[in-house]
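Next up: some structures, all given as C-alpha cells.
In what comes next, chain A is part of two complexes: it sits with chain B in the first one and with chain C in the second one.
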Partner chain A sequence: MFDWRLILDAIGILIYALIVGFIFMGIERKAMARIQRRIGPPIYQPIIDTLKLLGKKESVSHGFVYNFGPVFALGVSITALLFIPIANFQLFSSNADLIVVAYLLEVPMLGIMLGAMSSGNPYSALGVQRGLLTMVAMQLPYGLAIIALVQHWGTFKLSQLVALQQLQGWSITVPALALAFIVFDIVFQALLGLEPFDIITAPAEISMGPMVEYGGKHAALLFTQHAVQLFAETAFFAVLFFGGASNLLDLFLKQLLVLFIAIFVASIYPRFTIDQAAKFFWKWPTIIGIIAVLLTV
Partner chain B sequence: MTLVPEAYVVPLTLFSPLVFGVLAWLFDRDWVRETLGVIGAAVPLTVLSLAYEKASSGTISYTIDTGVFKLHFVLNSLSWYFAFIGALVGIAMAFGLSSTSRRGYDWLFSLMSFTGVMGVFLARDFVSLFLFWELMTFGSFMMVLRRNRHESLKYFVLSVIGAYSMLLAIGMVYAKTGTLDYAMASQTLLLLTKMGGVSKAYVDTIFALFLLAFGVKAGVVPLHVWAPGAYGENDQSYTSFFSGVLSKAGVYGFIITLFVMPSLYGIYFAMGTFHGHLTGTYLIAWAGAVTVVVASFLAVLQEDIRKLLAYSSVGQVGYIILALGVFNGVAVGGAMFHVLSHAMFKGLFWLISAALILRTGKTRFEDFGGLAEKMPVTFAMALIAVLSLAGIPPMAGFASKWLIYEGAIQAHMPLVAGTIFLGSALAFAYVVRFLYAVWFGQRPSDLDDVREAPLPLLVGMTVLAIPNIVFGIAPGLAVRLINRFFNTNITVNSYYSISTPTGTYNALSVTLVLIVGLAIAGLVYIYGANARKIKVTNTYQSGNPVTEEYNLVIRRNFYRPLAEALDFWLKYSWDRFYERLANLSEDFADWLREGFYNGNVQSYSWYLAIILLILAIWGVL
Partner chain C sequence: MDERKDFGENDGVIHYELQEFKLFEPLFKWARKKSLWIVAFCTGCGGIEMPPLATARYDFERFGIMPNPAPRMADLFLITGYVTPKTLKRIIITYEMMQDPKYLLAHGSCPINGGVYWDSYNVVKQLDKYIPIDVAIAGCMPRPEAVMDGIMEIMRKIETGEADGWKRYRENYEYYRRNQDKLFGEGWREKEAKRWLAWI
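Up next, the complex of A and B:
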C-alpha cells in the first residue's frame, strides 16, 4: 500500500526545497543590495530571521481564522510543491496536471488573505484588495501563456511536458512559446510579488499590506511559506519553459536563472499603482499572449 | 424499488410538491404549513433515490392523456440526474423556507415552480415541456411580484419573450413534422432537411428561437438583466432553488436542442464551420464566455450581497453554457458536472444570505461586519461555499471547472479558455469581498446581539454543504453518473480519480497531500510559542491609535481601483439600454395615444370615415 520510496523522496525534496527556498530569498536580498551598491545581509539571513521569529516568547492572535490563514497557506504551498516533478523525482505529479498545480500555486495567497482580513487592520484590507486585483489583472495573460503551452505540446501532464521537451527541445526554442515565455515572465514578476508589481506588500505605502499584523510564529510560518512557494514557482517555471531538469543541480541553475531575471527586472523598475498594473496587464502581455495562442492553435 | 411501484414514480415526483404546496396554502398555520411543505419537497427526493437503479439501467415512462394531447414523461439517466439535483436543492429550500417564510403564499408558489422544473426535466414532448415551463415561470414570477413590482415586470417581459419564441419554435416544428415528441420530431426534421422539404433558414430559425427561449432562463448576456433583480428581490431561501435549479432548466433546454434532438445537432454541421469549429456551437461558446466575463466583473463591483450572488450565478451558468458550446466530450461532461456543483454551492450561498438577512435584516456590505464570532456554523458553511465556488481543490467546484478547462483547451478554443481563467480570478475576488465585508473586521454596534441561524436553515445548509465535499473528493461518482447518458471521453479510474485524454486529477491524493501539508504547517504552529488573543481593534496604526468609534474596515467601494480601470466599459449597461428602450416605446405610445384620442369629435368621425373607406377598398363592405 505504502510506497516508502515515494514518501522518503517527498520528505527529502521538502527539506531540500525549504533550504534552497530560504537561500533564494537570501540571494534575492543580496543581489538587490549589490545592484544598489550596498553590502547586503549574508545569504543565510532569512533562515536566521525565521528561527528568531520562531523563538519569540509570545505572539498575538486575532482569532481562529487569523491563525489558520498562514497554516493553510504553508500547507497548500507544500501540496503544490509535491505535485511538481522536481528534477528526476516524479513525486506525486502523475496524480495531478498543469491546471491543478497552477491552481494550487495560487491558493496560498487566498490563505494569507483570509488570515490578513480577519485581523481587521485597514492596511491588511488594502493589501488584500490590491492582491486580488493584481490576480484579476494578471490572470488573463497567465492563462493565455499556459494555454499556448498546452496547445503546442498537447498534454496537461507535467511529467509528459518534461519528457516531450527533452525529446524535442525546450519550450522557449519554439517561436510561439518564446512569446508565451515573455508573457509568463512578466506575470511571474507579479506571482513573486516583486517590482514593478509589489503592489500587494508595498512596504513604504501600506506597511507590508497583508503581513502587517503578523509577528512571531505566524510570521515565521509566512516566511517558510514564502520559501517553499519561491522554490515551487521557480521549479514550475523551469518545468514549463526550460525542459525541467534531469538532476537537482540542473534544476538549481535553471531556477537561479529565472530568479535572477526577476531580480534584475525588480531592481530597475519602480512600482505601478494598481489600476496602472491592470491596464498594463490587459494591454501588452495580453496582446502578446493572444498572438502566442493563435500561433499554436 | 418495490417500495414505490414503477407506475407511481413519475407522478409522485411531478405532483407531490404542487399538491403539498396547495395544502400548505390552505392550512396556513405555523408548523402545519412547514411540515406539509417539507414533506412535499422530500417526496421527490425519496422517490428519485429509490428509483435510481431502475432509471440508470432503463427508463420509466409515464403518460397523461388529456384528451387533446398526450403528455409523455420519461425518467432515464439524463432526466434522473437533473431531477435529482433539483430535488436535493428543493429539500434544502424547503428547510430554508421553514425559517425564513411565514406565509402560505410563498410555499404555494415555490413548490409550484418545483413541480414545474421537475416537469421540464422529465418531459419528452414539446407540449409538456411548454406547460411545465410556464408553470415554473409563473411560480417564480409570483414570488418576485410579491416583493418588487418593477423587478417582477422585468422578469415577466423577458420570460414572455422567451415563452413566445419557444411557442413559435414548437409551432414551426409541428407545422413541418406533425409531431411533438422530441425523438420523432427530430427524426422527421432531419429527414425533411435531407430531402429538401425544409429550408436551411427555417431550421436555423427554429434553432435560434429555442436558444433565445432557453437563453433567457439561463441568463445569458444580454438576456440576463432580469436575474439580479429577480434573484435579489425574493425570499432568499427560495432563491437557492431559483438560481440553483431554475437556471439549470435553461441549461437543460440547451442540452435538449444540442443532444436530445439530433436533427438540430445535424444542423450544426449544416451551418458550416468557422476556423474548424462548428459555427452554431462556437456562437454558444462565445455567448457563454461573454456571460462569464461580464457577469463576473459586475459581481466584483456590487455593493449588495444579493446582487453579488445574483451576478455570480449568471456568471457561473455562463461557464456551463460555454462548456456546452465547446462541444467535446470532456467539456460537456464538465458542463454537466458544473450543473451539479453550481447547484450545490450557489444554493448554499443563497441559504447563507437568507440566514444573514433573517438575523440582521441588512443586505448591503457596508452594514455588515465581524459576524464570524456570532454565527460560527454559518461561517463554516460560508467557507465551504467560498472554497467550492473559487474552485479550490478538493471541492466539487474545482473538479467541474477542471474538466471545463481541459475541454476548452483541448478543443483549441484558446480565447474562450482564456476567459475561464479571467472568470476564475474574478470569482476569487468577489468571494473574498463577501468574506471580508460580512464576516471579518470590526462589528457595527447594532449587530452585537445577532444570533446563530435557526436550526432548519442550518439543516438546509448542511444538505447542500455535504455534496460539495463528497463530489469534490470523489469526482468519479458524478462522472460515472454523467457517463451513463453521455459519452464524455472522461475515464473514471476510481471514485477519486478521473482522467481526460490529456490530463489527470486524483482528488484523493490531492486531499491527502493537502492534509499532510496542513499537518506539517500545523505542527510548526503548535510547537511555536503560545498566542495571546487580542481585540480586533488592537492593530498596527502607524503609531496613531484610533479610538473605537472609528470603523476602519473598508466596506464600501472595496474594488474601487478596478472600477477606475474599467470606467470606459462601465458606461455601457444592458440594463439601462433596455430601460431606455422601454421608456422610448412608452413615450411613443403616449404620443400615439395623445395624437389620436385628442377629444375632438370631428377627428373621431374622420377615423371612422377612413376605416370605412379602407374596408370598402378591401372589398369587405
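Up next, the complex of A and C:
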C-alpha cells in the first residue's frame, strides 16, 4: 500500500532541508564576514555558487568511483535526515535510531574520501589521511557524550528522547548532561569541519584537501550534500540537547542557536595541527565525557 | 591576429552550449557573474594587492568573489605581475586544469608589454600570445580600486557574453600551442610532468 501523504511529506522535508541548509551556509559566511568587519556576501550566495558549478560546461572525471563518491555522500546525508524527528515528522524509525543517526552523520565524509582517493592527487591523499585521523580522534568523546545521554534518559529512540525532554525539561538543564553538551559541542566543531578542527580542508596548506580535484558538477553535488548535512547535524544537536521541536520555526531557532555557537568558536580560533587535535580530543573532552558518564550512572 | 582565424575554421565540431540546459543559460550567466572564484596563484609583485582587496576595506566577497586554492573549482585567474618562462609553464598548466567557462585577468603592465622589464631576457613580453586574456588592467602596480574595476569589467563581459577567452583558446589551440612550443621547445609538457611524477 502506497502512502502518498508520507512521500509528499518526505519530499517536502528534503526541499525544506536543502533551502535552509543553503541559507545556513550563507549565514555562516555572512556572520564570519561581519565578525571580521567586512560586509560579506549575500545570504543566498551558496545557492548562486551551486548554480554556477552546475552551469560549468565540462566536468573532469576520474572514473566510476570518483563519480560515485559524491552521490554516495549525498545519499547517506539524506538517509540520516529522514531518521531525525523534524517537527513531529520522522520517516524511518527503529529502536536504536540514535546510534544509526550518530554514525550516518559520519559516513558522508567516507564517501567523499572514497571519491577523492580515486582521483590520485597527492593533496587528496593527504586530506583523506588527515580526515581519517580526525575521525578516529573524535570517536571517543563523541561516544562518551552519547553514552551519557542514553544512560540518563534510558532510551535509544529519538522520538522518545524528544517526548521525555518535553515532559521533564531539556537535556541541557541536567548538570551531568550539561557536561555532555560541552563535549558534544567540541566534537560538533569537527563534524562540521569548522575552524579549530578544519584540518581536513585546510585551504592554506593542502588546498581544500579531498575536494582539490572536484570541480563542475561534482563540486555542485558536494555543495548540495554539505547543505543537507549541515541541516541534519544541527537538527540532530537540537533534538539531543534542546528538546527537539514541535514545529519548524521552533526547530529553526534552535538550529540557528547551535550554528551560531559553532560560528563564534570557529571565527576566533586558529587551526590545530593533526597531532594537536588528536591530543586535545583524547585529553579534555574525554575527561569531561568520562565525568559526565560517571555522573549519570 | 590573421593567423588565429585560419585555425578557427579548421574544426567546426566544438559545441559550447549544453543542449539540454539551453533554457537555463540566462540563469547560469547570472550565477557565473555573481560568483567568481579566484585561483590563489600569484606571480610577480601584484600578489600584495590581493590582501587589501580581500579584507575589510575593499572586501570583494560582497560580490561573491572568493579566493579558492583548487584550480578545478575556480573561474577567474589573476596574472598579478610579470611572467617568467618558468612561471608561464605553471600558468598554462593551471589554466588548462580550470574547467570551461574560465576567465583570465592580466594585472598591471608587465603581462601586456613587459612593463619595466621590456628589455629583460627572462620575462615574457606579451602574455596574449600564449594564453587568451579577457581583461587587462594597465598600471604599475594598479591599486585595488583599479583591480576591482577590472573585475567589474569581467562581470559586464560575462553578462554580454564577450568574455570568451576559453572559447578562443579552444578554437585557436594550435596557434597558442605553437607559440608555447616555440618558447619552451617541443614536448615540454611531458618533460615537466616527468620531473614531478617520475612513474609516468
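Convention: the second predicted complex is superposed on the first by the 293 of 297 C-alpha atoms of A that agree within 3 Å, B and C clash if a C-alpha of one lies under 4 Å from a C-alpha of the other, contacts with A are read in each partner's own complex, and residues count from 1 in each chain.
One rule holds for everything that comes next: a contact is a pair of C-beta atoms (placed from the backbone, for glycine too) under 8 Å apart; a residue touches a chain by one contact, two chains touch by 3 or more.
Note that the coordinates shown come from a computational prediction; the quantities given were computed from them, not determined experimentally.
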Chain B versus chain C as contact partner of A:59, first or second or both or neither: both
Contacts of A:216 with chain B and chain C, given as first, second, both or neither: both
Partner, of chain C and chain B, that touches more residues belonging to chain A: B
Partner chain in contact with A:294 - chain B first, chain C second, else both or neither: first
Contacts of A:136 with chain B and chain C, given as first, second, both or neither: first
Which superposed partner A:70 touches (first chain B, second chain C, both, neither): first
First (chain B), second (chain C), both or neither touched by A:96: first
Which of chain B and chain C A:40 touches, first, second, both or neither: second
Partner chain in contact with A:207 - chain B first, chain C second, else both or neither: both
Which superposed partner A:29 touches (first chain B, second chain C, both, neither): second
Footprint overlap on chain A, comparing chain B with chain C: 54, 56-60, 207, 212-213, 216
Residues on chain A engaged by chain C in the complex (per definition of touch): 29, 33, 36-42, 45, 48-49, 51-60, 203-204, 207-208, 211-216, 219
Chain A - residues contacting chain B, complex: 14, 54, 56-63, 65, 67, 70-79, 82-83, 92, 94-100, 103-104, 106-107, 110, 113-114, 117-123, 125-126, 128-130, 132-133, 135-136, 138-140, 142-144, 146-148, 150-151, 154-157, 207, 212-213, 216-218, 220-221, 224-225, 273-275, 278-279, 289-290, 293-294, 296-297
Complex contacts: residues of chain C adjacent to chain A: 16, 18, 21, 24-25, 27-28, 31-32, 34-35, 37, 40, 55-56, 59, 61-64, 68-70, 72-73, 75, 98-101
For the chain B and chain A complex, residues of the former touching the latter: 275, 300, 370, 372-373, 390-393, 398, 402, 405-406, 409, 412, 414-415, 417-418, 420-422, 424-426, 428-429, 432, 435-436, 439-442, 497, 500, 502-506, 509-510, 513-514, 516-522, 524-525, 528-534, 536-540, 542, 552-554, 558-559, 561-562, 564-565
